[in-house]
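Notes follow once the structure below has been shown.
Lettered A, B, C, D and E in written order, each chain numbered from 1.
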Amino acid sequence: MVGGLFIIITSQNYLKKVVGLAIFQTAVFVFFVSLAKVLDGTAPILTKMANAYSNPLPHVLILTAIVVGVATSALGLALVLQIYKNYETIEEKEIESLELKSDK
Amino acid sequence: MSNSFLIILGIITPLFAALFSYVCRYNNNLRDSFGIIGGLITFVISLKIFHGIQNNEVFQITFFTLFDGVDFAFKVSTLGSIFSLVASSLWILASIYTIGYMRGAGEKNQTRFVIFYSIAIHAALAIAWSGNLLVLFIFYEILTFSTFPLVGHKQNAESQSAGRLYLSILVGTSLIFFLPAIFWIWLETGTLDFQDGGILINKFPAENLSFLIAMLVFGIGKAAIMPIHRWLPAAMVAPTPVSALLHAVAVVKAGVFSFLVVIIYIVGPDFLLQTKSSDWLVWLACFTIMASSIIAITKDDLKARLAYSTISQLSYIILGAALASSLAIKGASFHIITHALGKITLFFCAGAIYVTAHIKKVSDLKGMGYKLPLIFFAYTLGALSIIGVPPFIGSWSKFYLIMGSIEREFIIVAIILGISSLLNIYYLLQPVVIGFTQNSKKEIKLIKAPLTVWPPLITGLGCLVFFFYANYFLNNISGVIVN
Amino acid sequence: MNFLLINFFLISLLLVTTFFIFKTTSLISVVALTGAFTLLCSAIYVNLDAVDVAFTEAAVGSGISTILMVMAAAKLPEGKKNKLINLFPSIILAVAISLILIIIIANLPLLGDPNAPIHLHVVPEYLKESKDFFHIPNVVTNILASYRGFDTLGETIVIFTAGLGVIALLTSNTLNRKTNFKKNKKK
Amino acid sequence: MRDKISSSPVLSVVSKILFAPIIIFGLYVQFHGDYGPGGGFQAGVIVAAAFILYSMIFGLSKGETLVPIMINRYLMCVGVLLYAGVGIVSIFLDGMYLDYNVLSSDPSTGQHIGIILVELGVGITVATVMIALYHSFASFGEINE
Amino acid sequence: MFDIFLDDAPALVVVLPLLISAIIAFMPSKIWPWIISIITLLLHLFLSLHLLKEISVSGLIIYEFGNWEPPWGISFKIDGVNIGLQLLFSIFVLVSTFYSRKIFLNEIDYRDSGKAYSLWLLAVGSLNGIILTNDIFNLFVFLEISALASISLIALGAGQNRKALLAAFNYLIIGAIGATFYVIGVGFAYAMTGTLNMNDLVIQLAQYSDGQLAIFAGMSFMLIGLMVKAAIFPVHIWLPPAYSYAPSAVSTLLAALATKTILYFFVRLLYEVFIIYPSYLSLFLDFVLYPLSLLAIFVGTVIAIYQDDIKKLLAFSSIAQIGYITLAFSLKDHSGVASGFVHIFNHALIKGGLFMAVGYFAILYKDRVTLNSLKGFGYKYPITSFALLICGLSLIGLPLTNGFISKLYLFQALYTNQMYFSIALVAVSSALAVVYFWKIVEQMWFSEIKFKSEKEDAYIYLPIWIITISIIVFGLYSTPIIEFSNLSADYLISGYQN
């Protein structure tokens, strides 16, 4: 998780930032789901054999969150594409210098 | 006409004058006449209110509540009636003078000028008649913003930077000090209404009073005490009628008026005398008087010299308020009138000299006394009044101020006032001396602008005449202080 | 015990993958590694008994989003090796956050403890009602569609918003009327 | 790159064979979500994957004939409307928003109906949005040629 | 029949815009999306008024989705705290939608107006969800809908200036990090309590006294996430570019409402849930929020002075104004919280009006509005300019405008808490506000330039003037705002004192 955050901050490539974001989020989801685990339990699908189930609520929340994450990265990718079209680069440093030039 | 209606009429007349001037902006004569008409109307109303106050009538009107304990209300105080009388009467003369000056100097954007001039008068009248401190503050700000276009009238780099300085000092101080001070008073007392004897006594912690006084004196930047006086000389880039407005009719007068009102009706002189919280201010005022007089001597530009003279004269009033004894406050209140009359005369003359001969500097005045005898005559009258020579009205206020300082046993202050009068003589009469004694070799073309000559003559003679009728005002002023 | 071992193994794989994503500059490789990362995650989910989540992660995370990333990467230039910016502050930040997290997680109830508050409040009701009232064995579906149906509506709308946003961004007339991809490239 | 793929006979044949089973699997996941893992999201993604596979191999324009862009976009809306509409219907039937109990005389059956409808809405939206995303990404930069 | 719907007003105010957005998304028409949006928002306003009526009778509405009792299901809660905000929201959204039509026609290709209005309604619905929701995870969902919708809208500003793309991208990355932090926080809170409902959370937190460290950490993560979203000082960097490069109508909506709704939830979380641990709360308020607010006020104002681009200037001034609000919220007493709410209301109106006017100028000037480009606008477009002037004076906080009322109550709150240094800082920063605002006025009226002007468009200046007049009216007659704010503070603070 921290690695993802690390990538976001240090990378200069916009696509890599999106990837870093995805990793960051996924890591958080893994942590969240691990809260739901019950030792010796099974998946929360009711059967006659099992008597302990893992907690289904975090699963539901994370389902939602995964979809949200995908939506975010899709939008991010679209933005990266548009940025490339307009700037012809997706490196942060180069765009900054381009903008500095155009301001003058 | 009911009393409350009079107030409304008096306050909105200048606004209507502004409106009509805008409507008739294509007809110069018609446009400029509204200033005079409006001045006459407000003058009559002010006079009526002045007499009504003398007869213990109550002039007050309340519109609505702004927040707990504070209404949007007007209520004329004794001091306010005097200030409104000064402002409205001088507006008539200033309007006449403006016509002569603006046309003679060929300024642009005359319509805008006339409109904002009227709005400034509106604000000044509303300040005079405001019923509580917040209403006063509102119109104080309106006055600042409406005079900004006048100060920056010429729209060149110099006037723009002067305008910025003007605005930033005035608005800045009022937002940083004045408004918080108002909030403070409101939080401690729950009201902001003007009352005889003040509202703070028994409610406000006495140990914090000097702090509050400091916030007020620095917050009311229009009173131009040092070190926040810089805006006043800077604003000299404006046309002379504006200087007259600033120095005599509205702006600085509104400043010292506000301060006096706060001392008399909010803090209460008794409370001040008990706590002696304003004694430090006496010394600051003395310092301002001396320092600005000395600076005035070094200035060669006539208007700049007059500006520093104003700063020193304003501090007389603050000094009076800070002394807080009944005689000193009487003198301070009366000084509003005397200084207005004297200073407007001087500025009218300076402007007239500029329009007719295009001279700004004192050293260039050589020999002009013979060419412009009427103007120089008026100038002399005004200067003598400000110096405080007896047959002129200015001597009264100085007399009372000196008496007040002796009453409070500030002997040194009395001495300083004397020294300052000597300095006055030097820097105010020097132009006259130069004008009549030295001869210039330069040929100077004169432009005729008769409308700029008569107003200073009238005010100059006024300085002389009212000396004998001073009781007419002084009786009224003595009602200011209820000891 | 097996459970913990497998978990430990998968998580160390995750760390290795993350490190390589960080190192790699070629965008396509980054994307491929990300796909691997999410697949590993879904394996972890299975191990944690979260089959629904694992299914979704496999389908959505490593399926669709990898496809999208590949397509984007195909249209983008190769990544350049840049100097790392903000390296030092981000290391500090990363270490600090990790430390905080470790301390906190040490404070949480043990992994898999059936008596943690999380398993005692609210959820037992879900399990009971699913059996007695819904007659639907997959509790996740019940909660998703019924108890927390409003969240799921929101989630559907998130997806819809993203779709709409991408359509507006990539194919709309507003953004594409001035310039054109190919022309820009030639310049 | 695409030319190479579509000219390869192996790929095109395999994908044609795979197409139908993927869709059926998707539908299975969609409606079997009550009993095993799965549901609207997963199903939507799987169905979308089938279409994406198809248009990857045979080209965008071919894919477009399968699911026209505009229809796909309208279906996006229909999915959301279906979900939100179930809520509105339950209000009509004097229940709270998204109260499935009132959809049928037996609350349990009502829940079943509600869940199935809602999951269908989710499935439609997810599938169509994914196709739309693919479309936008694939066609980006080429539409103005 | 209509009554059936009225009973479900809490759900409908949120669902209706979302539902309608799906209908209008791909409409090929140029005008119908707008008309439908207006009708929807009229209904929305009607429903909000109905809610107000209900609240004035009962004082509290808990709306249970799917008829599942909380904490099992998701619920909305409407009480004195949010009813005022809900009403303001309804009215402002309606006005700004009315305003947006001509602006969108200029800045966005007409063929995209369906999509734009669909995104607009999505943003509206989700922001409204943030106001009403009583479930900490549901909030995350709404946060994300609103973030995605507004990011897309901001990116549409790239039709004017490509920097909008960068702004949107930064917002996306930073916003997503913030949201993920929030989710971590929710995870911790859930792990310790097993519930997501805010009311139940309070009850459960009171039971589990051990493992407090995890709870504090959870709280901190949630707060950090929300601070990112609300653009509280050190994490505000996404806001200025996002507001300034978005299409003008969008900046209006975002500046007026987006951060406000999140701030509202922020304070609700603080005073309704975290109140369980007063020592933690006061630690956070005194040593985190309070200094950050002061910094925000100072830094925001100073940076605003140096801006040349008017929309950027306004955005930085927003940072400072958010600082005022959080400063008020950090005071821990009734007067502080109430004054924070007063400023939420007033600042929403002021900034809304300013962005509207500046947005119109951008259309008239056909480029980004910088200080230089405003030369002579005061004479050519007097109606809009005058509105701008009034809004600006209100921003400075001069009497007779609602900005003054805000300042009055803020001063009062600070004074009763004896925070003299803050008073001085607020006073200085409002004086500095004169500097940056006066630069605009000077350009508009005191510089001469000749150019061809168009006639002002009533469709645009009418909404601007509605806002302006409300600014004056609330300056003169502030009772409604004060009462709503006091009500909010009553609800929040009563928990604190017990």
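Basically, a residue touches a chain if its C-beta (ideal position, glycine included) is under 8 Å from a C-beta of that chain, and two chains touch if they have at least 3 such contacts.
As the structure is a prediction and not an experimental result, all values here were calculated from the model.
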item	value
Each chain counted as touching chain C and chain D at once	A, E
Pair of chains joined by the greatest number of C-beta pairs in contact	A-C
Relative to chain A, chain with the most remote C-alpha centre	B
Reference chain D; chain at largest CA-centroid distance	B
Length of the line joining the C-alpha centres of chain A and chain B, rounded to whole Å	68
Between chain A and chain D, centroid-to-centroid distance (C-alpha), Å	23
Centre-of-Cα separation between chain E and chain B, whole angstrom	45
Cα-centroid distance, chain A relative to chain C, in whole angstrom	5
Interface hub residues of chain D, defined as touching at least two other chains	35-37, 41, 73, 76-77, 80, 84, 87, 97-98, 100, 126, 133, 136-137, 140-141
Chain B, residues touching no fewer than two other chains	none
Set of chain E residues in contact with two or more other chains	15, 18, 22, 25, 65-66, 137, 141, 144, 148, 151-152, 155, 158, 190-191
Each pair of chains that touches, named by its two labels	A-C, A-D, A-E, B-E, C-D, C-E, D-E
Residue ranges of chain D touching chain C (in the complex, touch as defined)	1, 33-39, 41-42, 45-46, 48-49, 52, 73, 76-77, 79-80, 83-84, 87, 97-98, 100, 107-108, 111-112, 114-115, 118-119, 121-122, 125-126, 128-130, 132-134, 136-145
Complex contact set, residues of chain E against chain D	4-5, 8, 11-12, 15, 18-19, 22-23, 25-26, 63-67
Chain C residues touching chain D - in the complex, by the definition given at the top	51-52, 54-56, 59-60, 63-64, 67-68, 71-72, 74-75, 133-138, 140-142, 144-146, 149-150, 152-153, 155-157, 159-160, 162-164, 166-167, 169-171, 176, 180-182
Interfacial residue positions of chain D with respect to chain A in the complex	35-37, 41, 126, 133, 136-137, 140-141
Of chain E, residues touching chain C in the complex	15, 18, 22, 25, 65-66, 68, 71-74, 107-109, 111-112, 115-116, 118-119, 122, 126, 129, 137-138, 141-142, 144-145, 148-149, 151-152, 155-156, 158-159, 188, 190-195, 204, 208, 211, 213-214, 217
